[in-house]
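Just below sit the structures, each encoded as structure tokens.
Shared between the two complexes below is chain A, which has chain B as its partner in the first and chain C in the second.
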Partner chain A sequence: MRGEGRILLALLAVAAVLPLVIHDDYFLHLLVVAGFYVILASSLNLIVGYVGELSLGHAAYLGLGAYAAALVTTRLGLSPALSLLAGAAAGGIGGLVIGALTLRLKGPYFVIVTLSFAEVLRLVASNWVELTNGPMGISGLKPPDLALGRGLVLAVHSQAAFFYLVLVLATLALFVMYRFVHSNMGRAAIAIRENRHVAQSVGIDPFFYALAAFVLGALFAGLAGAFYAHYFTYVGPEVFGFSFMMSMLIMVLVGGKGTLIGPVLGAVLVTLADEYLREAQQLRLTLFGLLVIAVVLFFPEGLVGLPAKLRRAAAMRGEARQ
Partner chain B sequence: MLDLALQFTVNGLVVGAFYALSALGLTLILGLMEVVNFAHGEFYMMGGIIAYYLTGVLGLDFFASLAIVVLVMGAFGWVVDRLLIRPLRSKDTLSTALVTIGLSIFLVNTFLLLAGTAPHKVATPFPTAPLLLGPVVINETRLFAVAVAAVAILGTHLLIHRTRLGGAMRATFQNKEAAALVGIDVERIYGFTFALGTTMAAVSGALLGSIYVAQPTVGGLVSLKAFVVVILGGMGSFAGAVIGGLILGVAESLWGGFVSSGYQDVIGFAFVILLLLVRPYGLFHIRSERV
Partner chain C sequence: MSAALLELDGVSRHFGGLAAVREVSFAARSGEILSLIGPNGAGKTTTFNLITGFLRPSSGRVRFRGADITGLKPHRVASLGVVRTFQKTNVFGGLSVFDNIVTGQYLKARLPYWRTWFPGRVASARDADMRRNTERLLDFLDLKRRRDDPAMSLPYGDLRRLEIAIALAAGPELLLLDEPAAGLNTAEAKDLVRLLRVVNRDWGLSILLVEHNMGVVMEASHRIVVLNFGEKIAEGTPDAIRSDERVIAAYLGRRQGEP
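Our next item is the complex of A and B:
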């Protein structure tokens, strides 16, 4: 197992004992939200970090997953456990359709068309009142109790239970992503990101591998959406909005794109920072704007790249002294 | 029915003139410099807010205010290019898009802190009484704003095609290395182009602030609309941005008037999605003619 996997396992072990030592419901709530963002930011990272294209429509799959979960539980009365699957499926299918249409485009075209899809979905969600209840949204979702067998139900009601649920989902997501990134498919995707023409010349089909990463990312964004719907018991058109897109993008950037640990660190740090700076309100967002600018200009590899950067700087100083 | 259609068309053309003006600014930045500028709507917003402060708070003349907006925002655009865009010139689309997203978050929230959430109206010297042109109602402010937009568009066209500076711009964006070889200061041209694009967005914002209102949070939608128009018209195409802007304005106005106002904003995005699937280089893209 590689270093990255070990660190992720260590983080998982720490996370697993957290609810045993933390009994503060408010802090547990923050951790649940952080877990939700871990899944979301990691899923975006598959596209931004590994395919190397900026998808600004990632909120589309979050929204599809959230609405799918809300609709199958409130309209069809399906079990909430199934709705998590429905959310992932909705996200994945959305990713397949949108990815197949847009991945032929490059650079600015890709950015703007993916964003357009998310905007169209947001406007449909706020205008198709019969299906989505319009701007009012769908409320009253039930907690995702897992029926393990006859009469045996794993009730997810407390904050701690929600935390373990999101931990299981995030672990699943990161495990699949780890396998993907370290498989031949993942290496092919990285080859395309680094040099498209060379990759093509050794027989890698850029479109196919980019689409595979895209669908996987969309699927987990859909799963995150379904979890969001059950945790907050409410889904409105804002799940398609640009603010979610901004949040996950900042997390991926701050943590370090193109690594598995980066978005995890970014999601936890930004969620906590966001909450504890809440009193500063708009000043907080102003600072976030400056933070994004500073990261792009000075730390393009994010937090994960920081140790290597410091080492390089130290080595340079050492050379200068000699 | 026909009168109503005519009225909606005129309304659409008025709005379309501003779409065209702000999209022209973006076609310089996105089409020529290849910077996916998410702060474009914020430049537009700043134009409106600054014009409001100059006319409404300081009580300056509308025309003087417009001139100050041009100067201030031109300088601002130059500084943004120098500090944020220039270090990333050799990087990919992702980096510049992200840095402008950061800039956009910063500007929206800074202006919310400074100006508050309330909408502001830019004061003009024109009477607001409606003018009747046959069945169509319009007022002087609108006519004037459209006229200024038209002059700005024409002026930019002349600047690019009739002056030495414009020649240097065209040379730079056709072949950067060759332009540098014949002695054109390429970095200066980039800085100027960004400043020009910024100014056009700001003028559009100041003019529209006199018809509707200026508000710190308006930028996001404006950026998206400008992207839509630039893609409709074809990246870097001057005529394309103008025609694309007018088409979008009229289409939205007619759709909003006759079909459904809720889905009005969908039109642009639907256009873009369809267009890129059918004609990926825009309606009016001719590869040899950029600018």
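Our next item is the complex of A and C:
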């Protein structure tokens, strides 16, 4: 196994024991939210980091997943386990449709059109009152208890239980992504990012692999959305909003795009920072804006790239001294 | 050196009112090194783009091993065994030299998509094959020292060899090289000629070469096709081309018919 896989496994091991040592429900709540963002930011990273296209419409799949989960549980009365699947499927199908339409566009056109799709879905969610209950949203979702067999139910009620659920989902997501990026398919996606023309000249179909990564990303954003719906027991049109988009993009950039560990670190750090910056009130968004500018200017590879950057700087100082 | 491997049949490409390539026909035979030469703007790179699907011909047909490949997408053309390099050096800049060559083997590494998540022994065997092949290419192109360096940090000469390594990694039957000697010094150009000969004779690859360095062209080519202002003006052996009136006129700017 590669270094990246080992570090992820170590993080998983640490995360698995956290609820045993942390009994503060408020802090556990923060960790659950961080886990949700780990899935979301990692899913965006497949497109932004590996295919190298900036999708500003990723909240669309989060919203589709959240509404799909809310609708199948409240309207159809399906079990929460199925609603998680429904959320992932809704995200994936949304990604397939929107990706097929937008991935033929390049650069700024792609950015704008993906953003518009998310906005259109937000308007639909606010206005199709019969289906979505409009701006009021859908509330009263049940906790995602998993029926394991006759009479045997894995109850997900406590914060710790939610934490383990999100940990299982994040592990699943990262495992699927790990296998993807370290396969021939992943290499093809990276080749498109690095040099589209050379990629084509060695036989790689740029549209197909960009779409594959796009659908995979959308699928896990949908899964994150379904989890979100069950955790907060409420879904409203704001799940399509730009603030989620901002958060996940900041996480990917701060952590380090194009690596699997980067968005995981970014999600945890930004979630905690976001909470503790509440003190700063109105200044919060300004501070985040400055943070993004600083990262893009000085650490384009994010936190993950920091050790290598420091090593290079040290090596250069060493050479200069000689 | 007999059957036609690649045939261009009356291929034209217009950009607005400008004919970049006009009614060009020639054939590259299996096993030969064919050079495409001509002054700047003669349509050589456009011809490359028309063959490899980066541009669609306005009219005419392109055939590879007898099958019509006109207007196929670039990755489809590549999967048939026609692989090109680019005039401005093109590699996967952010990847290591090793990973560049591994990525070049995409077509050989393809497995059913579900194998991505359940790789099993087939995939690891394929991976091992690919690593062996990469080491062999690193050795062959004298890039072993650079193995783990990011491609964008390479000096120019190494970069040009890496570009050829990526193309060779794709396992082509016909290799199209767009000005591989540009920017090389005399010794490096000599090495390039040797390399082309080995690839052609020992590996059995046919080569279509666009090149301005006449030393390289005359030494490496079996035959030469000359373009000028988008039209073919001559075709023949290096010796015949060297003494062809029209070719000399095109290069030196004499009017045709002038003594």
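Observations on the model:
Throughout what follows, the second predicted complex is superposed on the first by the 322 of 322 C-alpha atoms of A that agree within 3 Å, B and C clash if a C-alpha of one lies under 4 Å from a C-alpha of the other, contacts with A are read in each partner's own complex, and residues count from 1 in each chain.
As a convention for this text, contacts are C-beta pairs under 8 Å (C-beta built on N, C-alpha and C of every residue); 3 or more make two chains touch, one makes a residue touch a chain.
Remember, it's a predicted structure, so these values are computed and weren't measured experimentally.
By the touch criterion defined above, A:109 lies against chain B but remains apart from chain C after alignment on the C-alpha atoms of chain A. When the two complexes are overlaid on their common chain A, residue A:246 makes contact with chain B while staying clear of chain C. Judged by the touch definition given at the top, the superposed model places A:5 against neither chain B nor chain C.
In the superposition on chain A, A:292 contacts chain B only, with no contact to chain C.
Touch counts on chain A: comparing chain C and chain B, the chain ahead is B. After overlaying the two complexes on the shared chain, residue contacts for A:205 are found with chain C alone; chain B is out of touch.
When the two complexes are overlaid on their common chain A, residue A:101 makes contact with chain B while staying clear of chain C. Listed in rising order, the residues of chain A touching chain B in the complex are 48, 52-54, 101-102, 104-105, 107-109, 111-113, 115-117, 119-120, 123-124, 126-127, 242, 246, 249, 253, 282-283, 285-286, 288-293, 295-297, 300. The touching residues of chain B, counted against chain A in their complex, run 30, 34, 36, 84, 87-88, 92-95, 97-99, 101-110, 112-113, 220, 224, 227-228, 231, 235, 260, 262-263, 265-266, 269-270, 272-273, 276-277, 280. Of all residues in chain C, only 52, 54, 73-75, 78-79, 83-86, 90-95, 99, 102-107, 109-111, 113, 115-117, 119, 123, 166-167, 169-170 touch chain A in the complex they form. The touching residues of chain A, counted against chain C in their complex, run 176, 179-180, 183-188, 190-191, 193-195, 197-206.
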